[in-house]
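In what follows, chain A forms one complex with chain B and a second complex with chain C.
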Partner chain A sequence: MSNRYLILADGSTYEGIGFGSEATTFGHIVFNTAMTGYQEIITNQIYHNQIIVFSAPTIGAGGINHDAYESIFPTAKGVIVRDVAEVSTNRLKRMNLDKFLTRHNIPGITGIDTRALIRHLRETGPQKASIVDFPDDHAFDQLNATVLTTRQVDAVATPRAYPNPGTGSTVVVIDFGLKHGILRQLSLRNADVTVLPYTVDTETVLSLDPDAVIFSTGPGDPRDLPNSVFELMRQLQERVPLLGIGLGHEIFGLANGASLVKLPFEHHGTNHPVKEVITNALLYVPQGAGYAVDPTSIDHAKLITTHIDIIDNSVQGLRHRDYPAFSVAFFPDSAPGPLEGTTVIDELFEMIETKDRF
Partner chain B sequence: MIKPKIKKVLLIGGGPNDFGRESELDTAMIQIIGAYAEMGIETVVIDENPYSLALEIPKIGTYLQAITAENIKKIIEIEQPDAILPACGGLTAFNVLGELLVDKDFHLMERLELLGVNQQTLELINNPGLLANRLKQMGEPVTISKVANSVEDAFDVAREIGFPVNVKPVSAHFEASRQMANDSESLDLALKIAFRQSRTKQVVISQDITGLREVGVAVLRDKHDVNMLVGAVEDIDPVGIHAADSIIVTPVQTLTDREFQRLRMAAFRIMKQLNIRGIAHIQFALDPKTDSYFVIKISPYFDMNSSLVARATGYPLALVCASVMIGIELEKVKLPSAFASKMAMIEPVMDHVVIRFPVFPFGEIENAGIKVNHRLNTMQKSVGSTIGIGRSIEEALEKAIRAAHFSNRSFSPHIMNALPENDLIQQLIHPRDNRILLLIEALRRGYTVDELAELTKIEEYYLYKLRHIMELERGVINNPGNIELLTQAKYYGLSDGLVAKLWQSDFDSVRGLAKDNDLVPTYKAIEPSAGELPERVSKYYSTFEMENESSQLGEKSVLIIGTGAFRLGDGASGSYITATVLSELKLNGFQTIIMNNNPNALSLIPRLADKQYIEPLEISDVMNVVELEQPALVIVPGNRIKLITALRNRGVRTIVLPKEKYMPHGPLNGEHEYAANYYYDGKNSYLISLTDHIAGKLMMDREVLNQFVTKNIPLPKMEFASPGLYQLVMPKLPHKSSVEGGQLRPIPYGQIAFMNKVTGINWLRIMVRDYVHCLTDADKALLAKLPEITWKYQVSELVANDTDFFQHLQPASDLDTTKFEMGVSLKILG
Partner chain C sequence: MSKQIIDAMAMQRALTRITYEIIEKNRGINELVLIGIKTRGVYLAQRIAARLHQLENTEIPVGELDISHYRDDMQLEKPAAKIDIKVDVTNKRVVLVDDVLYTGRTIRAALDAIMDNGRPVNINLAVLVDRGHRELPIRADFVGKNIPTAQNERIKVNVEEIDGFDDVEIDK
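Up next is the complex of A and B:
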């Protein structure tokens, strides 16, 4: 293992020891404060083209587990941590984090003063970063010249439809780079699931006779997606119970006339209290968004705000006044993170049961 | 009848210190009293512990009385409080309230509101058998258990469940431990102890779960069922070693997110079912092989675990609890301005590792020639603990060990070389207090991680970490003077002292070498958001990284060196002394800095000092802080002779709090020992009080002092450099005008606390004011007419707690309860 460097677009350099892949990579830098679930975080496709900084001091103690994949081929661009454990203590003891990252061409750096880095990011805001062998001018030139794709969903969403059969309700999931946690939650409820590419048209979806439709999580800015996606949302929400999650929530807001704001501080973690407006209950839920629906842009004749992050006051949930359609910015599949958000999935199934009323 | 608004709260204290009871309860209580004062709520406190700082808070109601149902009844009659809060009194408070609740004539629940728990839950907590049944009804997995009313009954149950079984008393007088019984012989012994401890003469026999992993979570819940996880800890040692004797890690390392979240939800369900408002610590045993868990303990009160979590995360747990317990929703909790707004609602996250390391009394007792059993089991043997904070497991562990043994002699890597192979294996299977050293030695001898995991049931992850420490030590040993290895060693928490030992050098040269190569510590803040939110922080720990967040507090700061882990004879009293010194300095306008590492210490109460360093107290650790802070003054306990010398050699102004290196012996059975206690201001001595000491009891009587004074005994010539509190110990009270066979020494810390409470004058505060030249005219007047002043209590005694040493330590003979004091209570006789 040799010394490697994390360099930021603002010119700062952090030195540590490389693990995982030896590749030189570029990505947006983002920090996550969750203390468990490193595997779920790294394999979450919202981190496409991102370099993830863990504030948890140590990760990797449990190795790689068969039941903690949020995607099989992760597309993050780096993992930055203070201390990585190169052990595998799960049942098969086959794969550790180091080997896993090598296999997926993701470089990691351990031994970084991640607290200093996070405090710096808090001051300077989101930016590009690179993992390199030498932090010389050339490396910074390369970083500054790098243009990261805005077609992130295309890079991670399924191009083909596939089933996840079950014996219960029929659920269609429109995939923008979905977390497998969503599928696991649906399996728990015996749903008969079909995952469809986001380019699908309304008729194809309806031809599957779905009891409900989910617009999945995914990476990037939804405004980079084609208009057809918003049209699909508008047509489906009138016809079937519908849930938007993460990117799907942002699409739901945009499709219903709201606009997005870039969050001054992206929050990635599981420890913010989110208030369920109607009950006043506080939920702790996994979050990881760079954008939020602008509360001043919400057309209250159409949408109701259902959830608010108490810490940064960002809109975390919306519901349509006329249709059985709603959305949450956080990840109700809770992988990783607290389980109280899974009640959102229960709500979708309650809607399915009562949909005749609509 | 529930009153509409709570205006006055009665808080029950924890009583005398004992195994499993340090200063954590008083620490919580002091913060809660402060929070209530700010809300305009009056508080009344009852406790009998002379080391209670809560009892000395001005402008509140204080009752220095034994915590009994009778006394509490009387206080309720006098004070008419609106509510009673047992969470600062641990299981003692729960038991006493249990007695009050069954008192049919008193109608407790009609008189006031019970805070934190309801009546049903209080009764369940007092009765493990009923609690287990209730948990089972709720669908929570518990070990199979049954209540037995007699020894015969117990044997029937044990045969039904099958050996090994655990035995625990119902409604124990104190925090009682589970005992494991493998066969009828050990069951017989365990039953004897357990029946003796039970108020109801009942015991619970339960299925043994030795070897599983132990995880504890601290949860907060408000009246609207908002639950929050404050923190979670993982024991490195498996179930079978008492949680207080285990090495404990937070944040949890070896659980998958899924395993972890399941326990979190189970804890929330339990909080809801038991309708707990406030804090609870819930312990689980986890079996990763079968993917199952058991609930093993529920403590809806402050304890060492919640204290650890609060210190580790920087979350203002006691302040938030104060609000939540009187019915304020989590969302509406107001915190002092030093905290980020809404901090109360954020689930704490950590960017550092905290390891708690137990401190055992075996060495001290064996030095006195008494053999004790070193084997760890379900009965607590540790008497104190330290925490190490770092950015890796290795660093946190090294710092915790160093804090526990500040003369790292007992942790030298060579100490195990001579251990025969058979003994090594025996000790691996039957762990003792030295197991970390033993494991490192086993790794050194070539045992594999797999083998050790199998023998010890310790998670492989931690064994890999120990192997890394072993490799680091080996690298250092083989490369004297090598900077790269020194850098590595320091990055992973090895101290200058340890490296010096490995290099057969001295710490000063190692420190010099490190400094010459820019190897200086960086201090990081302890705050609950892991860097996400800006916060005004006052708590720090050291590591060796890029950014240093701590800057000099001020030109005229005072650094106080704490007393570290509790030890036999010298636990809570040291905590009381340090906290009082801090408080007095602050009152006199000094900026204060505390260095300490005991998670239960009073001195680490948030905001008691302006700045806290949670650090080991080896000379190097102290010097590093001294160099950064450049304090105008350092205050050090007198038993830290090497540290004092080192500070003075560097020209640092140092004040020594008089203290003997070892705790003095008490008188033998049947003998008296008298002491005249003096305040010495550097020139003159002033006689404060006389004590009459017999085994297990220290008496103070104003009338005896009067008689002594009339004899006009000349004051002894003080030969001490520092002003302070000293005593002349005499085998009998002199009849002649000179003292023969006497011995002058600093007054033991515990007796200072006793004297303060009894005379109603805080002598320690006067001493501190004298040190910093802030004696008031009132102080001077007081000293001038000392013989005439009246005491708060005329006759009183300090009585050793009836700690069951035999049960915990199995010493070969009785222990001297002065030298090996575990806890005392103060009794007012007139």
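Up next is the complex of A and C:
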């Protein structure tokens, strides 16, 4: 373990001790306020090409477990912590965080004053960052010259269809780099799932005769996706119960005429209070978003705002007025996070049960 | 022996979904009127109205209907005057709300009572539970949950306003 540095595009430098992989990486830096669930967070593909700063003081005390992967191969670019736990007493653990990051070639830095770093990020907003051995001019030149890809979805979404068989309702998941939690929630409800690449056309989806379609979570800015995705959304929402999650929610908004705003600082954590407008009930939900649907751009003749974040009033859920189609910006699979968000998945299945009535 | 088949959360969710479906089917809430069938249907109608108010910031009138005089299994005298349902239904889109849909006779009686009060554009039916065993050609447009039952079973809907808690139970 040697000293390593986190450098930001705005010129600031943070010194700490390296762990995990020794690679030099570049990524977009974000902070996550979750107290637990670091394995799910690091393996979530929304963090493709991102360096994750954890605000919780100690990370790694639960080890790495077989049941907490949100993807097969994580593609985050770094993990920044105040203190990495070397010892885990979790009986389910397979390895510690250090070994896991080494295995997946992700560098980590421990011993950084993450409180100061996060305060800084809250003021300056998301930016490029790099994990380096020495913070000299050369390192900053390299960082400034780095152009991060805008085609994150292509890097993490499945190029091919695959099944996740069940005995219940037929659900098609359009994959933009999904969290395994979505499939886990569907399996819990016995759904017969087919995951399709996002380049699929409407006829192919309908040929599977789905009871419902889910547009999955994924990384990046949905405006970088091809137009065919929005057309697919518009055609499917008229025909079959539909749920958009995370990136899928942003696509649902865009497909129905709304626009996106960049959040001043991204929402990443498991403890965001969100109001369900229709009942005035409060939910605590996991979030991971850099963009939100602009509330002033919503065509109220078409969409209803169903959920609102009560910290910054950002739009967290939408529903179509004319079709059984809805979306949530947060992660209803609760991996990690409180279970109350999973009622969104129940809603989809109740929609399936009643859809034949119209 | 009674067994809970819908808990409070699922009941709330069912009412929420029915509310969205009412907006979906009526393409908005213009000229909408809710009429609850006494006793529990009234509270369910009020909850749907509260949800519509949250979403659309519009007060939807809620009527109440006591159908005792219109029932075909009781020898009550037909009321001399029409029953006051507290709302005007003429040229309105009426959503009739009840807790359990069973034989369909209650709904038939309710339809008679509404028609005596005016001429609505249309009438839809929303029920929390559809338990089957219809004796008349009546179906619900909005259903919280379909629960197949035997004739000798009893479905009991509890609402917080009078029972102190929300759930649906089945008695054998």
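Definition applied: the second predicted complex is superposed on the first by the 349 of 358 C-alpha atoms of A that agree within 3 Å, B and C clash if a C-alpha of one lies under 4 Å from a C-alpha of the other, contacts with A are read in each partner's own complex, and residues count from 1 in each chain.
Quick note on the criterion: a residue touches a chain if its C-beta (ideal position, glycine included) is under 8 Å from a C-beta of that chain, and two chains touch if they have at least 3 such contacts.
This one's a predicted model, so the numbers in the text were calculated from it and none came from an experiment.
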First, second, both or neither for A:335, with chain B first and chain C second: first
First, second, both or neither for A:311, with chain B first and chain C second: first
Which of chain B and chain C A:94 touches, first, second, both or neither: neither
Which superposed partner A:122 touches (first chain B, second chain C, both, neither): first
Touching partner for A:55 - first (chain B), second (chain C), both, neither: first
Residue contacts on chain A - larger count, chain B or chain C: B
First, second, both or neither for A:280, with chain B first and chain C second: both
Which superposed partner A:66 touches (first chain B, second chain C, both, neither): neither
Touched partner set for A:350, first chain B, second chain C, both or neither: second
Touching partner for A:262 - first (chain B), second (chain C), both, neither: neither
Shared chain A contacts, counted only where both chain B and chain C touch the same residue: 280-281
Of all residues in chain B, those that touch chain A in their complex: 224-226, 228-229, 251-258, 260-262, 264-265, 268, 330-331, 342, 345-353, 391-393, 459-461, 464, 491, 522, 524, 529-534, 545-547, 549
Chain C - residues contacting chain A, complex: 9-10, 12-14, 16-17, 19-21, 23-25, 27-28, 51, 54-55, 140-143, 145-146
Chain C contact footprint on chain A (complex, rising order): 277-281, 304, 319, 321-324, 343, 346-347, 350-351, 353-354, 357-358
Of chain A, residues touching chain B in the complex: 14, 31, 33-37, 40, 55-58, 61-62, 65, 67-68, 82-83, 85, 87, 89-90, 111, 113-116, 118-119, 122, 265, 267, 269-273, 275, 280-282, 284, 310-311, 334-340
